[in-house]
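Okay, so chain A shows up in both of these, paired with chain B first and chain C after.
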Partner chain A sequence: MATINLVDLKKNYGSVPAVKGINLSVKDGELIVLVGPSGCGKSTLLRMVAGLESVTSGRIEIAGRDVVKAEPAERDIAMVFQNYALYPHMTVRQNLEYGLKNRGTPREEIDRRVKEAADILEIGPMLDRKPRQLSGGQRQRVAMGRAIVREPAAFLFDEPLSNLDAKLRVQMRVEIRKLQRRLKTTSLYVTHDQLEAMTLADRLVVMNNGLVEQLGTPTEVYDRPATLFVAGFIGSPPMNLLSLESIAGAPGFEGLNLPDGTDVIGIRPDQLVLDQPTGQNLALAASVELLEPIGGESHLHVRLTGSNQAVILSVPGRPDIAEGAAVTLYARPADLHPFNRESGRRTDTAVANP
Partner chain B sequence: MVENRPFLSFLTHLVLIVGVVIVVFPVYLAFVASTHGNGDFLSGLVPLLPGPNLIENYRLMLTEGISTAGAPPLWIMLGNSLVIAIIIAVGKIAISLLSAYAIVFFKFPFRLLAFWIIFITLMLPVEVRIIPTFKVVADLGLLNSYVGLTLPLIASATATFLFRQFFLTIPDELMEAARVDGAGPLKFFRDILLPLSRTNIAALFVILFIYGWVQYLWPLLVTTDSRYYTVVMGIKRLAATADGEPQWHLVMAAVMLAMLPPVLVVIFMQRLFVKGLVETEK
Partner chain C sequence: MQTKRTIFPNKLLPYLLLAPQLAVTLIFFIWPAVQAVKSSFEREDPFGFKTTFIWFDNYKRLFADPTYLNSVGKTAVFAVSVTLLAMSVSLLLAVSVNRVLRTNRLYTTLLVWPYAVAPVVVGILWWFMFNPSIGIAPYLLRGLGINWNHRIDGSHAMLLVIIAASWKQISYNFLFFVAGLQSVPQSLTEAAAIDGAGPFKRFWTIVFPLLSPTTFFLLIVNINYAMFDTFGIIDATTSGGPAQATNILVYKVYADGFLGLNIGSSAAQSVVLMLIVIALTAIQFRYIERRVQY
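The block that comes next holds the complex of A and B.
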């Protein structure tokens, strides 16, 4: 159990910056998810915390101790790798024990911890098998087990579920969450799967291009994306980002009272509706291009009349709408996210939307 | 690929049998020759069936050798060959494991250069550099010694290259996991790299043992003392007796004995291969 503090952390590969100055403090027992598009520096950041990558500048403190110059083994962290990185020639038990043996942990203590981890992860019956005799999900558990037995100050996960099939991923995601709650070990978790990010995180760090775009709880990030990038990245289907001109003439626009500098309006697909709501609202005329039923809801692809901008709505059920039909989309003013294209940031910083 | 056509299977078997006969017949002939007595070959006709002198010939060769040819008893030469082949194989494997480890897992200045220099020496087999090597070994006073017999043959670009290729297939994460688990470079080498290389080591051992066993030119040059003769060069001395006909029955007994250890090594190590192949470690 420990806090992790990153202070102005930077990493250059040669002259190419990969991480451009990250400040982050992780509270004791918190699970922080780093999410962002491929190549944004998530893994690099995590590997710097692990000590597998050298630091160009900045500070890393684990449990209050500056560890920038410490070897990975001295940092009291455990890492779970994307491809598990189990030692192929060792049995599951030996895999779990290896790190403890290297630290000179007494035999009884090793046995106790291995047994405990095996019980938690339900890998007891597999302890004497080699990794190649396990399924992907079981290997994943063993990799987790190897981290647990160490009882480290922090867990670092680098996309630990991305090699599993969709169903197993959901299951393991839940298990990781439960496990982390139970052990209360400070954790950094890298993923590019936003569902994983939203469900696992105590707090979410959205990264882009080596920088933090936004830091907040998943609901904060979803409800009030701080930048255009976050708005487009978090949420599926992504938020509709409409230029101000394309909606300027629409009924209800006058009463919007947008902050100064707003030139882009973001609207979540599920906050656009086809039936006029009570109260003040914005009404956009559009024509339907495509209706995609995806089970409980449908994605409606439409084009705004006039500006020709493509917009996606998610509507409940399977509405009976023909392609080419003219529709009107309604949005409540409170559901609009105003942005400035130039700065890429929100223009209303004051209170959260009701 | 598996087809059930009688003619095809007849043909494939025929080819195989012809191949086996071509390979085995000379060996058989050598064996037959080694079981006959002195003078059975003078007629010019080579007998095709084993004779009665098997035990006698082999006993004579093993314990006494042919003193007229200046060759010591065969067991000394076999022992020398065995020692030399093992030193060469083990030495080559140890050195190339370490150099491949350094080249693949450590970042130091000029590591690529180091690799290429090692690689280029592939083009310089013993025979090419034999005269300077001989000069060096002679100046160091290493003629007629096991060190002189083995040291110049130990450095091995081939084995280094093979281990390098194997190490490159080991995912970086494995080393990183070991680092997080508190294994330093030597521990990682011993606990993870070596066990993973087991099959490669076994395969190379067989190849290098035989390489060491069949060395002819180098032992011929650096040994003048019959105590250090190896069996392969010894056979040459046996065959080249100064006075008259070579004693073929004895020479062939020596040949058969010289063939035995490599065959044993292959048979014994084959188990390890098959085991390694069946339970792939990765």
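The block that comes next holds the complex of A and C.
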């Protein structure tokens, strides 16, 4: 149980800045997901918190204590690595015990905690096996077990699910979430998978180029992306970002009342519809390029008439639309996200639309 | 691991392709070995006119000969010391180099050089350095009150050949240890660091066990090296002396056969040596298969 505070944290590799000043405070028991494209500095940030990477400047406080100069062992954290980093020459039990033995935990206490962790993670029958005799999912559980038995102030997860196949990943994602809810341990979780980020996070930190682009709950970030980068990164398929000129002549454009400085409009694929809704709408003429059925819904790839800009919309079911057909896309004014290309930021205020 | 199989349409072609290697093996390895076994059962008269087949007489004499038994003892001391010294120093160097990030390559290159030096040259180098009349080492040792003279002191001589032989082998071991250390994933040491293990504990509980395949491989190589490939060093440094103090088995084979011209005994010795190495290797490989897996 602890809070984590990062104050103006920076990291340079030689003259190359990797992390350019991060401020973040993680509340007690909260799960914060750091998400961003590869090379955005999210793993470096996590490794700095773990003590595996030196800090160029700034402060890291875990449970109110400045740990910038502390050894990894002194920080009272546990980390789950991408490749699990299980000790291959030790049995599962020895893997779990290793950290406790190093800290001189009494034998009965070790046995109790190992049993407890094994029960939680259902790895009891595997305790006497070596890691190489386990499947990917089982190794993942052992790696989690090794973190749990320590009963640390915070868990750090470094892309723990990226080595698993898609089905197992979804399953383990749910388990991690349940486990974290149950143990209420403060957690930092790094991933490049935005779906993982959206589903796991209490709060989400979207990072790009060593800086925080946006911090908020998953719904806040999805509903009101603060920057063009976030708008394009979060959501699948990504948000359509249309230049103002390409829609300027469309019916309903006059009534939009866009804020000053807007030159890009973002529209989520699921907020574009083919049937005209009631009320005032923006109507865009387009021609269909491709229809991708993906099960319950379909992705319709179209090009706007005139500007020739590519747009994706997701439509329910499997509509009977031929390629090349002319369609009209409708969007409610409230669903439009106005941005300024130069600054990369939203042009409307932080207050949410109704 | 899946092996790649090639199907030859012609039955003769594969044998033809193997022929050069087979010829080399037969002429330079198998044939001399057979000759050695053969002469170990024979005795030659002093003028080389006739040889008599004498069964195990050469072997019987050998094991009753105190100088031979002395040589066995010296070989054991020499082989164990060289192996331990060469391996521990090279492991220490490899771990140190592995910790240095930027100049890693430079150190590796420099530390490999001794391996390129011929054994005789190694022997002469150390002979010079420890030469009681002109060497730098005895001069320095005198300052510490040690009167170094490997020409008259057997243990000094043994120490000298051990150091010289180890020095040459360190490069080889070092290369393998560096490669072995690099194959231990960084994340394991990081996980151990988070698990509260200090640098020493991390090394002995995580890195060293994972290095064991390399260590066992080097153990075999080093023992074989010390017993067989150190002839040049011994010959150039002490020539087996003083008073048999550094007369290890492989040197005695040479001394008895080519200097003493006792071909029968020399052949018997080399057969014994051959058996020792076969046995050692077999034991070690079996041990490895049982022990070194994780």
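Here is the rule we use: the second predicted complex is superposed on the first by the 353 of 354 C-alpha atoms of A that agree within 3 Å, B and C clash if a C-alpha of one lies under 4 Å from a C-alpha of the other, contacts with A are read in each partner's own complex, and residues count from 1 in each chain.
Everything below uses one rule, namely that a contact is a pair of C-beta atoms (placed from the backbone, for glycine too) under 8 Å apart; a residue touches a chain by one contact, two chains touch by 3 or more.
Only a predicted model underlies this, so the values are computations on that prediction, with no experimental measurement involved.
Undergrad: Should the superposition on chain A be reported as showing a clash between chain B and chain C, or a fit?
TA: With chain A aligned, chain B runs into chain C, so clash.
Undergrad: Between chain B (first) and chain C (second), which does A:R182 come into contact with in this model arrangement: first, second, both, or neither?
TA: After superposing on A, A:R182 lies clear of both chain B and chain C.
Undergrad: After superposition on the shared chain, which partner residues are touched by A:A73: those of chain B (first), chain C (second), both, or neither?
TA: In the superposition, A:A73 touches chain B and chain C alike.
Undergrad: Could you say whether A:N83 touches chain B, chain C, both of them, or neither, answering first, second, both or neither?
TA: Both partners.
Undergrad: Counting only touches as set out at the top, which of chain B and chain C does A:Y98 meet: first, second, both, neither?
TA: Both partners.
Undergrad: A:K167 contacts which: chain B (first), chain C (second), both, neither?
TA: Neither chain B nor chain C is touched by A:K167.
Undergrad: If you lay the two complexes on top of each other, which residues of chain A touch chain B in one and chain C in the other?
TA: Shared contact residues on chain A: 50-52, 71-73, 77-79, 81-83, 85, 87-89, 98-99, 102-103, 130, 132, 146.
Undergrad: Residues of chain A touching chain B in their complex?
TA: It is residues 50-52, 71-73, 77-79, 81-83, 85-89, 98-99, 102-103, 130, 132, 146 of chain A that touch chain B.
Undergrad: Using the touch rule from the top, collect the residues of chain A that touch chain C in their complex.
TA: Residues in contact with chain C: 50-52, 71-73, 77-79, 81-83, 85, 87-89, 98-99, 102-103, 130, 132, 146, 150.
Undergrad: Any idea which chain B residues touch chain A in the complex?
TA: Against chain A, the touching part of chain B is residues 171, 173-174, 176-183, 187, 191-192, 195-196, 198, 279-282.
Undergrad: Within the complex, which stretch of chain C touches chain A?
TA: 185, 187-188, 190-198, 201, 205-206, 209-210, 294
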